[in-house]
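Alright, structures below, take your time with them.
Here come two complexes built around subunit A, the first alongside subunit B, the second alongside subunit C.
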Partner chain A sequence: MNTISPYPESFQEKQSIVKPYKLVFAEIDASMRFPVVFFLSCALVWLIIGTVFALLSSFTLHSPDLLPNWEWLTFGRIRSAHLNAVSYGWANNAVFGVGIWVMVRLCQIRLRYGWVVITAGVFWNVAVVIGITAILGGQITSVEWLEMPKYVTPILGASFLMIGAWGIVSFLYRESSHVYVSQWYLLAALFWFPWIYVAVQTMVIWFPARGTVQAITNWWFGHNVLGLWYTPVAIGVVYYLIPKVLGRPIHSYYLSALGFWTLALFYNWAGVHHLIGGPIPVWLVSSGIVASVMMVIPVMVTGINHHLTVVGYFDKVWHSPTLRFVVFGAMSYTLVSLIGSTMALREVNVVTHFTHFTVAHAHHGIYAFFTMVMFGSIYYVMPRMLNREWPSALLISVHFWCVAIGITIYVGGLTIGGWIQGLQMNNPEILFPDVVKHTIPWLMSRSLGGSLMALGHLVFFVHFTWMLFSKRVKSGPTLFRELKEEGVSSR
Partner chain B sequence: MNNFSSLFIGILFTVAFSFAGIVISSQIQYGKLTPVAMEEGEMTYPRPPVGIAEQGKEVYLSMGCIYCHSQQVRRKGFGADFERGWGNRQTVPRDYIFQKRVVLGTMRTGPDLMTVGERLTDPSWHYLHLYDPKLTVPSSIMPQFKFLFKTQKVKDAPSANALKFPAGYEGAPAEGYEIVPTDRCNDLVHYLLSLKLNYELPEARFSE
Partner chain C sequence: MLIRGLLRIQRKIYLKIEVMQTNSYVFLMIFMGVLFFLIAVVMLYWCVKSGQLKDFDKNSRSIFSEDEPEGEETDFFPGARNKLKNLSSE
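And then the complex of A and B:
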């Protein structure tokens, strides 16, 4: 079999005899309505909170005396509040909503015991609130990606297990005869995240290992939370939505499998490149560099597979709100990963390490790739949850352009600025205070891009709320422009 | 790939492989390092930290200093850490064995602090720098930590630890008042002054 489709032929045949499959999906969607809407609403609130802290941090960095001199507003804390709000608040809730929706749909079962998931979700979100409050209050661990104090993390872990188990149980009781590529990614992510989270909490926070073993464990986690959690979920969602909206199968089954297993093997090892030149054994650094470079394989394979699925249909991509975001994200994934592999080379890393280049790279991955895919997915999922269309194509368009231009300015500015910063830092004839001074214009460009992104988020939030509470039922999907050809029913 | 168990074994194997290869093997290889002496019978290094500096480390952690300051020196020839005077030798795993929380850091918005206690030995420099960084480094973008100080009435005589501002400084306190560091601030400065890399290890000698 060279091609695969999100719904196998057997299923389509079976359903067309019994029921039109759209009706079956409607029943599955109805069973997930409350959990999915709950998670996505939480995600949106966290997105706004995270954005507020992001802007405060960004402006503080180039204008340090802007905010009142209150302890809880100091840069180290608001920057960490931002990271935790967008990571554990926005991104995880989005994954819980979108990822598990895709999983359950592909398993073709109706969700039972949704209240268990919602309860776990409430615990998760309360824990994040406590964690971020504690960070602002000074109980910050100063371990990157793990700033929340240790009394919060067991609640997070337990809630995750309950939510994740639900995805895994859906898989075990699936009624589909066929397992689609998205399910591999989602299943893997649901196993990987608890493993790396429990391991790092144990060895760094609860029972700290001696010396720089902590740093290695920290970055094994720090990189894998992107590589083994957000990335596989987002790729799984891309694999689901592109064929779904375009109504055509993924180009190649073999490329999907190759992409999945090489990602699983290499991404795992790549994290040590955050410690190049640091006080750890050289062989570990070298293994991290090799794995980072090998990541070119899964990235190119997945990129080619997506591209060949989409090629010839760019018109549809451009007019579908879902795909405009999702394809932007998928293209960013290819680009950011190739930059990441390059950054792991010692010759490049000696410049980019310790600079804003890394910050640009992190946002390139978690925002231009992951978050854009999640935006696109939410545009697809919500109408199916509420049986209601998005009220305004204009607002979707404003959202897209604000965040697309915003993140481009952000990543572009800090990439150039970070590179200059790195070159100057390695030139001892330039005094360090001058190196700092020269970064300021680039930090300002970040505030500009960030403000645009914030505007986009605000528009999205208003639109989301409007849709949630509107009574109006519009017929037909909200598209950027009405399609001429028949037969496209999806967004 | 329709078989759950083969899919699951693959998923499990890949993460177990990296966990064993990166984390567990590091722990086995150097998770039990101890201080050493250069010559038999000499003082062993690194030295365990003293109490007040340990308390200062807590302040360092709670302010999130790590997000702009690293504490690691790269070898001579890889970057300009040596030329900038941030350390005479590269840091090695043994240097960190007494740190309950290792704060290597991955960002140098500000300079590396591994040897700041050797470079800037005057406590009053640090107090002024924390109060208003631009007093000591005019182009600094470090936040002010004024909340680590308190303003109080001068009693019989000015306190010994009151900040001495340069003439004409706008933020100077009113006549009859003085600004003194809090205990947390004292601890933090003690911690910063304790950051030194003034010893050699068998595996890390000073660079020429």
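And then the complex of A and C:
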């Protein structure tokens, strides 16, 4: 206990007077075992469901006669079901689980009244089930990212507020004196998401604004749900896990603060670049393009910071299941954001718009960056939740290689194919049906990559379930502390 | 029942908004925008005032503690840690 405490002196004094006992991480983890395991299990189930829809829609695109001629299996519906299953099902549940874990851990408190979070989570998942069933049944709203019928969204909104409120309440009752950069990202995300979700639901679904304002609002949301919700959470997790696993602080804490505030300043404006060439005011598009290019600043700042923390430690990264995924995700973040800024330029956009290039870019962001970071953090969180080790090192390797190779084929193939498609569509001498036919090999490469990813997900699901239900502790948990020694049982 | 009621209320408000024209949205949006901006400014002000942007070197180490100290890795492939430990003890 005589080691130098990393906390400011005033905090140490407060601790010694008011509360001589400081919570250890094992206790904090133990307090949120059920909510986090619940959210992560739901996330895994949704990942599998979303993957099935993804594969079906991917195969349908190059082999249209593959599926029986049923209405609910048509491309328009299963594609939207895929989007909603992975975004509201997998991604949000993963964010809830991992986000709560990082937030509560950094606040150094116990999570109290976990059953409230679980109840809200049950409502969230039931709402997603209803929404996706409705989409398959044809009650689709035809607004991208908001396909669920409007009677579901109040349930989603209310349960989100409950879960988000828990993050904010934990923050208000924090015992830590310093607000770590991950907390900034998480808090901001918790503040932004309800804001954009309520605004877009109001202006597009419940009381539709007139004309192109709807489209502007729609894409303002569509971009911000990625940029102001999934991205900050994932970056926050990266900022926590890289230093934590390596056991060395982030290279430049100053840069991380700069990266956060510049992201907060620029990202919100960027969504209009989805409407370049559309019938909306040119100044609006131009401001969106400027903001998209300005995003290079936070991206480079974050990328350099992560890279300089990891550089020289790549062997350690390789020996950690968590960091393999997380560092893959962090590298993808830099790459995908730079491509995104380039795509926002009018000259580039004239080629990439309305092509598979955009699809590749979307999956690059939400999969190669976000999902990989979430996979990595699940590998870190679960042993600490269940106090047992992952059963098999082999399955982790198989999972990593399947999804890493799969997403590389996916993004690589569709990026090239999309670019060719864009060039051909701009060439009036090539007939449109020919352009469509020329995309087929690239669409097949997507199905190949997608199948590999699906295999990886299946392996991960089996491994996760195996860990969840195995009673036997194998060679001591991956944990770095013994629960009993730390005095948990005595308190 | 609840859903039907909600939908009816929505239709009523929708009719009113129809009358008010899209202009009413402009004022709402300006109000919301100003509120959003103010919250961001307050956050930044609090951030600076409470010393969050000072002493970066010390604060970047706030994630470590006695039970998970700096300089110690915390994640390996299952089973690998024991092997590494044995190697170092030999």
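Going forward, the second predicted complex is superposed on the first by the 452 of 491 C-alpha atoms of A that agree within 3 Å, B and C clash if a C-alpha of one lies under 4 Å from a C-alpha of the other, contacts with A are read in each partner's own complex, and residues count from 1 in each chain.
What we mean here is this: a contact is a pair of C-beta atoms (placed from the backbone, for glycine too) under 8 Å apart; a residue touches a chain by one contact, two chains touch by 3 or more.
Keep in mind that what you see is a predicted model, and the values were worked out from it rather than measured.
Engineer: On subunit A, do subunit B and subunit C fit together or clash when superposed?
Structural biologist: Overlaying the two complexes on subunit A (C-alpha atoms) leaves subunit C and subunit B clashing.
Engineer: With both complexes overlaid on chain A, does A:308 touch subunit B (first), subunit C (second), both or neither?
Structural biologist: In the superposition, A:308 touches no partner, neither subunit B nor subunit C.
Engineer: Of the partners subunit B and subunit C, which touch A:248 in the superposed model: first, second, both, neither?
Structural biologist: Touch status of A:248: second partner only.
Engineer: May I ask you to decide whether A:122 touches subunit B, subunit C, both, or neither, giving the answer as first, second, both or neither?
Structural biologist: A:122 sits against neither subunit B nor subunit C.
Engineer: Which partner chains sit in contact with A:437 here, subunit B, subunit C, both or neither? Use first/second/both/neither.
Structural biologist: A:437: touches subunit B, not subunit C.
Engineer: May I ask you to decide whether A:380 touches subunit B, subunit C, both, or neither, giving the answer as first, second, both or neither?
Structural biologist: second
Engineer: Please indicate which partner A:281 is in contact with in the superposed arrangement: first for subunit B, second for subunit C, both, or neither.
Structural biologist: A:281: touches subunit B, not subunit C.
Engineer: After superposition on the shared chain, which partner residues are touched by A:228: those of subunit B (first), subunit C (second), both, or neither?
Structural biologist: First partner only.
Engineer: Identify the partner contact of A:213: answer first if only subunit B is touched, second if only subunit C is, both if each is, neither if none is.
Structural biologist: Both: A:213 reaches subunit B and subunit C.
Engineer: Who wins on subunit A residues touched, subunit B or subunit C?
Structural biologist: After superposing on chain A, more of subunit A is contacted by B.
Engineer: Under the stated touch criterion, which partner chain does A:264 make contact with: subunit B (first), subunit C (second), both, or neither?
Structural biologist: both
Engineer: On subunit A, which stretch or stretches are contacted by subunit B in one complex as well as by subunit C in the other?
Structural biologist: Touching subunit B and subunit C on subunit A: residues 178-179, 191, 195, 199, 203, 209-210, 213, 257, 261, 264.
Engineer: Help me check something: in the complex, which residues belonging to subunit C touch subunit A?
Structural biologist: 3, 6-7, 10, 13-14, 17, 22, 25, 32, 36, 39-40, 44, 47, 52-53, 55-82
Engineer: Report the residues of subunit A in contact with subunit B in the complex, numbered from low to high.
Structural biologist: 60-62, 64-65, 69-71, 74-77, 79-80, 138-144, 171-172, 177-179, 184, 187-188, 191-192, 195-196, 199, 203, 208-217, 220, 224, 228, 257, 261, 264-265, 268-269, 271-272, 274-275, 277-281, 284, 287, 346, 350, 353-356, 358-359, 425-428, 432-434, 436-437, 439-440
Engineer: So in the complex, the part of subunit B that touches subunit A is made up of which residues?
Structural biologist: Per the touch definition, subunit B meets subunit A at residues 1-2, 4, 7-8, 10-12, 14-15, 17-19, 21-23, 26-27, 29-33, 60-68, 70, 72, 74-75, 78-80, 83-84, 90-97, 99-104, 106-111, 133, 137-147.
Engineer: Please output the residues of subunit A touching subunit C within their complex, sorted ascending.
Structural biologist: For this pair, the touching residues of subunit A are 1, 3, 5-8, 22, 24-26, 106, 151, 154, 176, 178-180, 191, 195, 199, 203, 206-207, 209-210, 213, 240, 243-250, 252-254, 256-257, 261, 264, 316, 319-323, 379-380, 389-393, 396-397, 474-476, 478, 480-481, 486.
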